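Chain naming follows the written order as A, B, C, D and E, and within any one chain the residues start at number 1.
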Amino acid sequence: MAMLQLENMDCGYGAFHAVHDLSLTIQQGEIFALLGPNGAGKSSTIMSIAGHVQLMSGAIRFDGTDISSLSARERVRLGIAVAPEGRRLFPDLTIEENLTVGGYSLPKGRETINKEIVFTLFPRLTERLKQPASTLSGGEQQMLAMGRAMMAEPRLLMIDEVSLGLMPKMVDVCYHAINHLKSQGVTILLVEQNTKRALEVADQVCVLESGQSVWQGTATEARKAPDLIEAFLGMTKEAS
Amino acid sequence: MLGLGAYEISVITAMGVAVIFALSLNLITGFCGQISLGHAAFYGIGAYTSALLTKAGLPIGVGLLGAVILAGLVGIIVGFASLRVRHDFLAITTMGVGFLFVGITRQLDFVGGEMGVSGIPDSGLSKAGFMLFVLLFVALTILFSLHLKRSWMGYSFDAIASDEDTARVIGLDVSRYKLAAFAMGTALAGLAGALYAHNVRFIDPESFGFVESITVLAMVVIGGIGSVPGVIFAAALLSILPLWIQFFDEYKLLLYGGLLFAMMRFSPGGMAGLARRIFPSKTRGVKS
Amino acid sequence: MLYVELLAQGLVQGSIYALVAVGLTLVYGLLRILHVAHAGLFTLGGYVGVLVTNATGSLLLALLVAMVTVGIVGMAIYRLCYQPILDKPPYVALIASIGLFIAMEEVYRLVFGPYGISFENPPLQDVVQMFGVTLRLGEVATAAGTLLLVGALAVFSGKTRFGTAWRATVTDPDMAESFGIDIIKVRYLNFFIGSAFAASAGVMVALLNNMVEPTMGSVPSYKALAIIVLGGLGDVRGTLLAALALGVIEAFGTIYLGKFLDRDAIAFAFLILVLMVRPQGLFGRA
Amino acid sequence: VKIGMNVPLTGFAAADGKSALLGAELAIEQANAEGGINGTQIELIQYDDLASPKEAVPIANRLISQDEVVVAISGSYSGSTRAAAGVFQSEGVPYVSAYAVHPDITKSGDYVFRTSFVGEVQGRAGAKLIGEMLGKKRVVVITLQNDFGQSLAAGFKEKAADYGIEIVSEYEYSIKDRQFGPIVTKVKADQPDAIYASGYFFTAGPLVNQLRSAGIDVPVIGQEGYDSDKFIEIAGPTSEGVLITTSLDRDSTVAETHDFIQAFEKKAGYNADMVAASGHTAAKVVIEAMRKAGTTDRAAIRDAIAQTNLVASTGTISFNGLGEVKKDVQVQIVKDGAWHHYAVIDDKDLLAPPEE
Amino acid sequence: MTTLLDVSAVTVRFGGVTAVNGVSFSLNKGELLGFIGPNGAGKTTMMRAITGVVTPTEGEIRLLGKILTKLPVHQRVRLGLGFSQQLVKPFRNMTVLENVALAAGSRHTASPFSALFRMKRQREKEQAAQLLAQVGIADAAEADPSNLPLGYLKRLEVARALALKPSLLLLDEPLAGLNHAEAHKLADMIVALNQAGQSIILIEHNLGEVMRICSRLIVQDNGNKIGEGDPEAVMNTSVVRAAYLGEGNGHAAA
């Protein structure tokens, strides 16, 4: 079943269109990778689904209903959570409090359970429960951002730049977490610069360039089409 | 007298003083990003210094010079405080400096205490002559402001106003720049205060209190913080607004307050922002 | 004994400061606005308090009416005045707020007259003796009420889930919303509580002076700013302690330093001294 | 003919400005009803000066050069009156201050007059009242920190010893204060026989109330700043017995004063106070002088003002060489919730205003 | 070979947390040193200690023999440190070009007084334009940094640091947020700089690029130095593999 559908979506800032006429469909339970060079409009797409970047035309359907007029708060109640670009943690709040806010849309009872899950995935966070988020290292912040989004028990989890600033071992941990979530039935939309890594886990792929979709298909197809990789993702042979 | 009546001359003189005063704060707050809620203290220091020096028989030139120097020196001291505290903490610290100034002058007998200083000598020029004298300083202040804005110092101020820590990372000695801003801005405020003293010829502590500090900040913000033409325009306008709207009688101050509010509410960029909206220049974006 | 009495007087004055300043802290904490017009709401509270008491004879009712109406006016001010300029630099809101404050004072003068109004039968004028200190009932009620209200608020904002949500809204409203926090509600509630506190202070001051005047808010308009800075900006407990400390400093200062510095100058001299040693305020985090 | 006036109509001083303006208007209406000045009607031109020196200078220039007023009066506070006086003096326009107390106002020159007491004079009268008439010797002085309070205190202290007064201690407060807890506490410990407290009704009302609530029941002596029904309203029953030195006698049998009190109440809708009477007196002084001079020549009018000998609402007015008023001091007391006659001090030597 | 930077036994503590624990290393002129380690290992903290944003609890840092430890940030920059931060911080009230030109004019801004008498900016703007082209964001020269995607801002940071003509360039994760091609290009540029004589310390998690371009590696974990030397050799030690690399994935190490 289609969980999320973007229909001819245009979004942007003021008069500036960051994304034009984007249509895509994400199925329940799959991992969808949004790829493309800097400034392609990946983050804008995610933030528009989350309700923060202005939708200019088109529709965003979640479970079949158009949610484009809903506020960000109503969207999280439907099960959409985001780990945004730049993490955007609450800097003055401690790790623990950041997680509490993550679970704010749920009844209080779920909070403890979900925290356990996050701590199992990212044990590093347990060591620093009372440390303000602003003083965490880059990688720790990334873990907390993912953990915070997981606290909302989302049905659709959007992660912008999964492996940004993470050491190789930590990248593994994060992808492990993503696979784990998938196995729980969570749908995942991810943005990733590490194309190779993304193609390993994704089911579907969309490549954006200058705000437009230039290629869509399954990850298997993408892996089998080196020209495509060459053309759109900018990977050169020697780097891959 | 240039075809102007005594009233027009006194109005233009008052406007001129206000313009110098507002531009002096614009150096600190507009250019360097250091908000001050106690700027009237330096205006007051200038006024008192020149008043007392000239009353002691010294020529007005010495009075003005003394005002500039003393206000600037005290400004540097307060500038040192700005190195410790930032943003809103700085705003409130400077506000405290303003209250301290008033509190101290009230009790200091040799500056007249509560009674203030009256019988301050006039410039020795005619009313029109003094107006031209003030306008000369206005012109110099404007030229200096424009020059500063275009110099590398103004460029560095921009960086400090935006992000002090990053300014250090590109090698700027932020402390010295901030001190320089305070020294220049407060010295100019001292000049404005001295001119005020010789114009009104009576000063008392209350004339340099919190209300005056707020008024001058309002001039800067309503003009469009950092914009030289905007601040000039706003200072000239706000300084005579109470005289202009006399016919509103009882509703005068209500109107004044309402205008301050409405200006910020509907044109947060001040007059400079308003002008930009009316005459838009080309907008900047990624050229791709 | 004299010292104890001075201390008591200082604490009473401090608790009035606290009631006004806590509202300001809430607004500052949430929106980073130096909300000078807050002092105008304090005055409005005083007017409503006196008018309702004179009409009904009940101070308690008057207090309640003042808190609710002023709370609502506070929300309206947020909606009409601040919300549209939230994304602008802070001094924009500061000047707007000052303009609003001037206009409010003038409205009070035009509507209620320049001389101010008083209680026909001032309540709580009896004198009580406690621990050898003589206080008016009104003063005792002020101090006790403040501790109760501000204490409850401190617990609420520090310990509860809603308090955490409130603090999250402070730094990143968009993200807070993305996790289900109703930021509009948080802000309205914030203005309501802050303004209601100011109103209660207004009523108590009206009672202690038996007078409200249009310019009653002029001292709180800047002193409350000093207090929230002293308290570390945005922290309820810090504000309470700073307000009490300032009240006590002023009480002793008026007697022993009054010849050299006026009350405001004493307060600000203290503030500057503190900030030079602790730039983040008495109770602020570095 | 035009009379100019600068007066605060908005802002913190608006209450006094309103009284002063209404008082002056009343005097002009009365004069116009009697045929104005030798047949010509008088017009009052007033501007709001916010009680600020900065505003007062252009306003004075405007009154002189645009409105071409013949004389001017001040219904404002010291700062703006002092600043405007310089302009009027240098342009040779007679200027009469209604109730501003700053000693330097009349020192601006020979065109500047004042119909109210300088602070020192009233302070001396206060010393006589306490030391001699009430026979109290241990006195606490509570001084308002402004020109008014300072000059009162100076006059009081100057004469205190002459009347055998010992000043136990002195406290100062700011015009913004309404809460006097610490001072009251300390005064209680001082155990004085009487309290000499300067202030205005809006500071003195709370002060007296707080002194009495704390159980201090020695006499409190104030001055014309208290002189308003508002004082009694604010201090409530605790105002009973408070004495002040002032210029307006509520129980006066002098027709001029009596009539003024009634006419003012009719015009304003509230009871006359010292400021209203002073505004009325200042206007009346310039009107009488213009009548006597019989010309609009400013120098002639100035001379006529200097020669004034006039019965006005605030007593019989004449000026000394400096332009300071010579008149008796009224002592009023609060009885049964209203101001009433208590005594008159007419000691010419004691009340002699400064000559320079 | 001259020693450019000498870090000896530096420890940094924040309250109870020891972010850097007695680390020593040195850097020769002309080197391109990779500084790697797990998340939270204290790399950024070490860099901040070098630049003066944090004060080491213990230890000493020298640049060309001169002790830096007591100097404020801007003086260290003037002695020849240039750095690009992990969290980007552009000046938001000027264009991208102006951001870089201001740094390029650092000789004008050494003292406020002399800055007041210098006006011309043309040369610095040209230099800035050149640097922007070098890092690959010439198209954004006139843009307002607030509207730029992260990938651009990262490169703006690098260009601004380069504009200072530092004798030692510190780069904290400059490649993060860039895609393969962009990262590769920027890495090539770093190599080119290095070959032109620029000494560089590079903090980076993009191991592929690190292994490709660095001549020497230092590995830090939990505040402690756990490895140093030739990249291949270092990466093959078991401590490093355990701490840093994932469960046997074939990181295209070189």
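Basically, contacts are C-beta pairs under 8 Å (C-beta built on N, C-alpha and C of every residue); 3 or more make two chains touch, one makes a residue touch a chain.
In this text, all values refer to a predicted model and were calculated from it rather than measured experimentally.
Looking at the partners of chain A and chain B together, the chains they share are C, E.
Relative to the C-alpha centre of chain C, the farthest chain centre belongs to E. Per-chain Cα centroids separate chain C from chain D by 36 Å. Mean C-alpha positions place chain C and chain E at a centre distance of 48 Å. Remark: chain D and chain E have CA centroids separated by 74 Å (rounded to whole angstrom). Inter-chain spacing, taken between the CA centroids of chain A and chain C, is 44 Å. Counting partner chains per residue, chain C shows two or more touched chains at residues 106, 259, 262, 264.
Residue positions 16, 39 of chain A each touch two or more of the other chains.
Among the residues of chain E, those in touch with two or more other chains are 147-148.
Those residues of chain C that touch chain D in the complex are listed here as 2, 5-6, 9-10, 12-13, 16, 106, 109, 114-116, 118, 122, 125, 127, 134, 136, 139, 205, 208-211, 213, 215-216, 218-219, 250-252, 254-255, 258-259, 262-264. The residues of chain E lying in touch with chain B in their complex are 51, 53, 72-75, 77-78, 83, 85, 89-95, 98, 102-103, 105-106, 108-113, 115-119, 121, 139-144, 147-148, 160, 163-164. Here chain C touches chain A in the complex through residues 161, 164-165, 167-168, 170-172, 174-183, going by the rule given at the top.
For chain D in complex with chain B, the residues that touch the partner chain are 9-11, 47-48, 50, 52-59, 61-62, 64-66, 78-79, 82-83, 86, 91, 102-104, 107-108, 145-147, 149-151.
In the complex of the two chains, the chain B residues touching chain C come out as 29, 35, 81, 84-86, 88-89, 91-93, 95-97, 99-100, 102-104, 106-107, 210, 214, 217-218, 221-222, 225, 250-251, 253-254, 256-265, 268.
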